[in-house]
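Chains here go by letter, A, B, C and D, matching the order in which they are written, and residues are numbered from 1 within each.
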Amino acid sequence: METKSKIEPLAQPLKEKILNEINELVMKCYQCGKCAAGCPLSGEMDYTPNQILRLLQIGDPLCDDEVLRSMGIWLCLTCDTCHSRCPQEVDFPHIMDFLRSESIKRRKVHPKAKEIIAFHRSFLESIEKTGRLHEVGLIASYKLKTFNLLQDVDLAPKMFVKGKLEIFPHRIKGKEAIARIFEKAMKEAEND
Amino acid sequence: MTKIGYFPGCSLNGTAKEYDLSLQAIARIADIELVELDDWNCCGATAAHSLNSTLAVALPARNLAIAEKMGLDEILVPCAACFSRLAQARYEIKSDEKYRTKIPQLIEMEIKGTANPITVLDFLNKYALDKIKDKLYNKLNAKFACYYGCLLTRPEHLSTIERREDPLVMEKIIYLSGGMPIDWAFKVECCGAGLSVVRTDIVGKLCAKILDDAQSRGADAIIVACPMCHSNLDMRRNEINKNLSTDNEIPVVYITQIIGLALGIDPKKLGFDKHFVPTDKFLHKLQKQTVEV
Amino acid sequence: MQEFEPKIVAFVCNWCTYAGADLAGTSRIKYATNVRIVRFPCTGRIDYMLILKAFQNGADGVIVSGCHPNDCHYTSGNFHARRRWIVFNELLELLGFDKRRLFFSWVSAAEGAKWANLVNEVVTEVRKLGPYTEYEKLSKINVNSIGELCNV
Amino acid sequence: MARIGVFVCHCGENISSTVDCAKVAEIASNYPGVVYSIDYKYMCSDPGQNLIKEAIQKHKLTGVVVAACSPRMHEPTFRKATAEAGLNPFLCEMANLREHCSWVHFREDSTTEKAAELVRVLVEKVKHNEELFPIKVPITKTALVIGGGIGGIQAALDIANSGHKVIMVEKNPSIGGKMAQLSETFPTLDCSQCILTPRMVEVAQHPNITLYTYAEIESVDGFIGNFKVTIRQKAKSVDHKACTGCGLCIEKCPIKKIPDEFNAGLGNRAAIYVPFPQAVPNKPVIDRNNCTYFLKGKCGLCKKVCPADAIHYEQEDELIKVDVGAIVAATGFDIKHSDFFPEYGYGKYADVIDGLQFERLASASGPTLGVLKRPSDGKEPESIVFIACAGSRDPAKGIPYCSKICCMYTAKHAMLFKHKNHHGKATVFYMDIRAGGKMYDEFVRRAIEEDDVNYIRGRVSRIYEKNGKLIVCGVDTLLNSRPVEIEADMVVLATAAIANSDSEELAQKLHISYDPYHFFSEAHPKLRPVETNTAGIMLAGACQAPKDIPDTVSQASGTAAKVVALFSQDELTREPLIAYVNNNTCVGCFLCQSVCPYLAIEKEEIRRRDGTLVKTVAKINPGLCQGCGTCVALCRSKSIDIHGYTNRQIYAEVSALFNRREYAGV
């Protein structure tokens, strides 16, 4: 090919990938909107759940691209309200998990979602190092990643007074095993 | 003495200490031994399943495998978020061939999925209520809004709760413990825990709706069974009130703390002093009679 | 190597399963070509010695299918079929016959998709079992005399 | 020597697109006994049929195999053609190449191979076919109509007006069905009862109609033209011959707080009651489950006050046996109630009601005399939300089908509300508006354009109550899926139309088939929509699938035409596919007698010329035998066989199934 299109064509429409890899059929959605009506965050999303499904249904690379770059996929709380009320039994949270990892893999993450990912990453790093979540470590690492230095500063001293903050992390004995789990899982994700 | 596996999860070691305290206190009175899983690890929470589906199964699976090794059939998982991850991992391993072969290699342990995670509501219903009903000491003269949130009622394949749109199991437990549950409209709405740190603005709006509804229907306290819900509704209260110019004072307490009160345990030993939203007024309203245990 | 294509015979009743298979057709549900349907008025009519006959004649698997309990067009034919089926199964056990090649199912006139699934499942199962090779054994049996003996 | 002709149909492209029809015909020409084999585009067309007829005569065929569609479709066509060519029609068989082969497989070698094998099986069968002659049976020219709603009423009147007797059985104390409960009807907004009650009276007074209300079908035996039906007349506890319908008993009955079925639970009735003022018959029955006399043995007030001495507590259920020639099932439908919807409050909000309840609230004869008052506190609602597709098109709730009537009655409800309260706010949440029908879409447009009903495209996620208002949470999918929250005083759910809870049981009594949702199945979805697969039993109305009034009435008249056509003959010819006994081998064990569901097996004594008894053998009564063949499979001495499915035919089929394996020893 001589010219490279701005949108790199996906080898396969996302809806097919979704069907093959997590066995969810996006074509089931008939756009009743009950998911968006019950979603606690649909008002905040650029694309509501039914709109994301509509984009996926079209199966066009441009639409797939829009989905992966959307903010909506990062705001999903996985509260499962949409899925539990969906008349067509579309497991939307399951699809959302898939879209998020796909978005990272293809480097299409919405700019505003980077903080959310940074938080998730800090969270996982904390576990990777010690086997358990260390809240002080998590907040410190997240702040360094995002430069949100002032966020939640008023909570910390109070938590400390209430005996809810451990300054030093608890390291589990099997932390090497945990580190190996991380290593293998991450490698697998890269190879996908 | 009944023995049940116990997976406290990271929160009960930190932000939800009072949950752990009150749960242990009830277990002692009910004569149930909570056997903490050896060297357990974090379940991975929202972060793992948002970024890496394999990790989301492997991390909780290690805990399931530990429980199996210890010969435990049931694991009490008081945190609803941890419960959801452990139960989901067990579900995947039992139903998906792919995970059945992959996971043992990752965690370097055998796993069959024989250890069954249960929620604190299952635990109270199945084991504790019968044993403590003769030991109830205090009449809880207050109105309670029982809050379930998402992870106790959804998704359907993991939930052990009936009438998932309007569950009544917590209400039943509170009623049997002498309290007065109220009917309200936000008991299964999501509090937004997954975005608690990063998008506090959004979470504040969600929490405010929940708090408003409970307060406007005359509840004296909101009862929760999940540290995520608790930290959102309690620790972030100042922020919520400030952002939305409200002054919501309704305390948020764990169901185990309330049962502890009904059993006559000293509120301090139940960790009532660890809440951000003051509980003094609420405690005052309840008749106070305490016994040492 | 070419995959083994099992030969499956289905003995079905006219009112439920035959109509269900018609519905699968009307609905254009695709399934494996391995099956041959023999139509009976009712499963009650099916002489189970025909099953042995089918194996003698090259079948690798046999399906018997009719109306759901209580739905029989003739009130009770399917009950008698079921009752004789149990006796027949004991007889097969006596003969040392591999009963995994036999399938009994209820498919109503409204269950086109169920019929298609049934055929596909049976084909997959029998494919795993491989070709039926013990027909010599069957050829030595005087099927009629045993049929009389066991009243099936 | 057999001379078989094989006729392979392309069915346009329905068969030929996946099966190589010419090749099948060619292979078939090599089967032993086949003397003629040909393929053709449409065998069922006139030229196609002529092809068969000419071949039969030219090649002196002794058997015909038409390889085309399902015999359930065109067997009569080809057998008729065969007969017209002078060959016994039962020497024609069909190989099902369409439904069982071309439609269910892809175009590949194995599909054509299968088609050829199917032909071979039938060729082998037809070699053993015998000439058979139809059986003639008399017809009882009385029709049974089950259900007294508008469908049953229409069918009964049409049949009765053609001069035939009709027996109508209705399980409720009055006929009228769902239509009697409606306020106005779409798309004309004429009063439902006003157009229905004259028909109800006509049924009651028609000399050809015998009406059994408060009665159910106990059992059905027999077959087309000759059904034997047992009706259970439930004890009314009131002698309707003596009763004058004065109503004094109802007035004096102390038990008055029983939720009224006719008013969809929104009103109360007494334990002795007439369901509604225009009921037919307009005479009461005692509801024994709620009557103090029957529960506790005392009271007896109604008996004391009755001036006609018509109260008979000792009355018992009565079993009435009738002979009928045809049966019309017109048992109607039911709807889901608000407690079916977890997300809409599990039925805990009194003001979340179903469509039928709204009809009663809007009806002039209803519990509020036509004033719209909400059930919880009697307040007149200012804002009503109507939710279409409540439960319908919802596979998660087990109801994937469209209930068909809801779009129209929801528009009607919204209109009725706006007509009663011009300033009221009417909101309809819908997914699609399905208004196919004469003047239907115009009606919906009128609701939107003239009556200012706000239609929002989106499904409601949940309803909760706050400060006496119902908060309805939805989205507007036509406005970027923007969240919409509406405060309503009342919510009307257009709940799914479902089959009656006892429809499965009735289908089993009638031996008719039903679909996965327990609606009765028609014989063919397009060409035989009013008949069932069981000859002589027809359908009318919503027992087959959700239907509105005009569709129900049309179908009822169609069904009546079928019944009348049947009754226009004095005798009925039946296919002779019945069992027969070989007297020589029958040992007279009569095992067959014990399994015959039709009591068609009798004992026959075989005597010598001098009158001494040789043996007693089984004899099939051809009038009763339905040809199930259970006796054939059970017969130890192989003395019973069944025409059309003889042992020889079936063994021939099974032997021809596959290319016989080569194996040692045989």
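One rule holds in what follows: contacts are C-beta pairs under 8 Å (C-beta built on N, C-alpha and C of every residue); 3 or more make two chains touch, one makes a residue touch a chain.
On a predicted model such as this, the values are computed, not experimentally measured, just so you know.
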Fill in the blank from the handout: Nearest to the mean of all protein Cα atoms is the Cα centre of chain D
Practice task
Would you mind telling me which chain pair, B-D or A-D, is linked by more contacting C-beta pairs?
Solution key: A-D
Practice task
Take the average of all CA coordinates in chain A, do the same for chain D, and state the distance between these two points in whole angstrom.
Solution key: 51
Fill in the blank from the handout: Shared-interface residues of chain C (touching two or more other chains) are none
Fill in the blank from the handout: chain A touches at least 2 other chains through residues 81
Completion exercise
Residues in chain D with touches to at least two other chains are numbered 343, 462
Handout entry: Touch relationships between chains, expressed as pairs
Key = A-B, A-D, B-D, C-D
Practice task
Note which residues of chain A are touching chain B in the complex, please.
Solution key: 40-41, 44, 75, 77-81, 83-84, 91, 93, 97-98, 100-101, 104, 115-117, 119-121, 123-124, 126-127, 131-133, 135, 139, 142, 151-152, 154-155, 158-159, 162-166, 170, 172-174, 177-178, 180-182, 184-186, 188-189
Fill in the blank from the handout: Residue positions on chain A within touch of chain D in the complex are 30-38, 42-43, 48, 50-51, 81, 85-89
Practice task
Using the touch rule from the top, collect the residues of chain C that touch chain D in their complex.
Solution key: 5, 7, 9, 15-16, 18-19, 21-22, 24-26, 28-31, 33-34, 36-42, 44-48, 50, 53-54, 57-59, 70-77, 80-81, 84, 108-111, 116, 135-136, 139, 144, 148, 151
Problem - Contacting residues of chain B [partner chain A, same complex] - result: 10, 13-17, 39-42, 44-56, 58-59, 62, 105-108, 149-151, 153-156, 164, 189-190, 192-195, 197-200, 202, 206, 235, 238, 273-276
Problem - Interfacial residue positions of chain D with respect to chain C in the complex - result: 70-72, 96, 98-101, 103-106, 108, 110-111, 113-114, 117-118, 121, 507-508, 511, 513-516, 521, 525, 533-534, 577, 595, 597-598, 626-630, 632-634, 636-638, 642, 644-645, 647, 650-651, 653-655, 657-661, 663-666
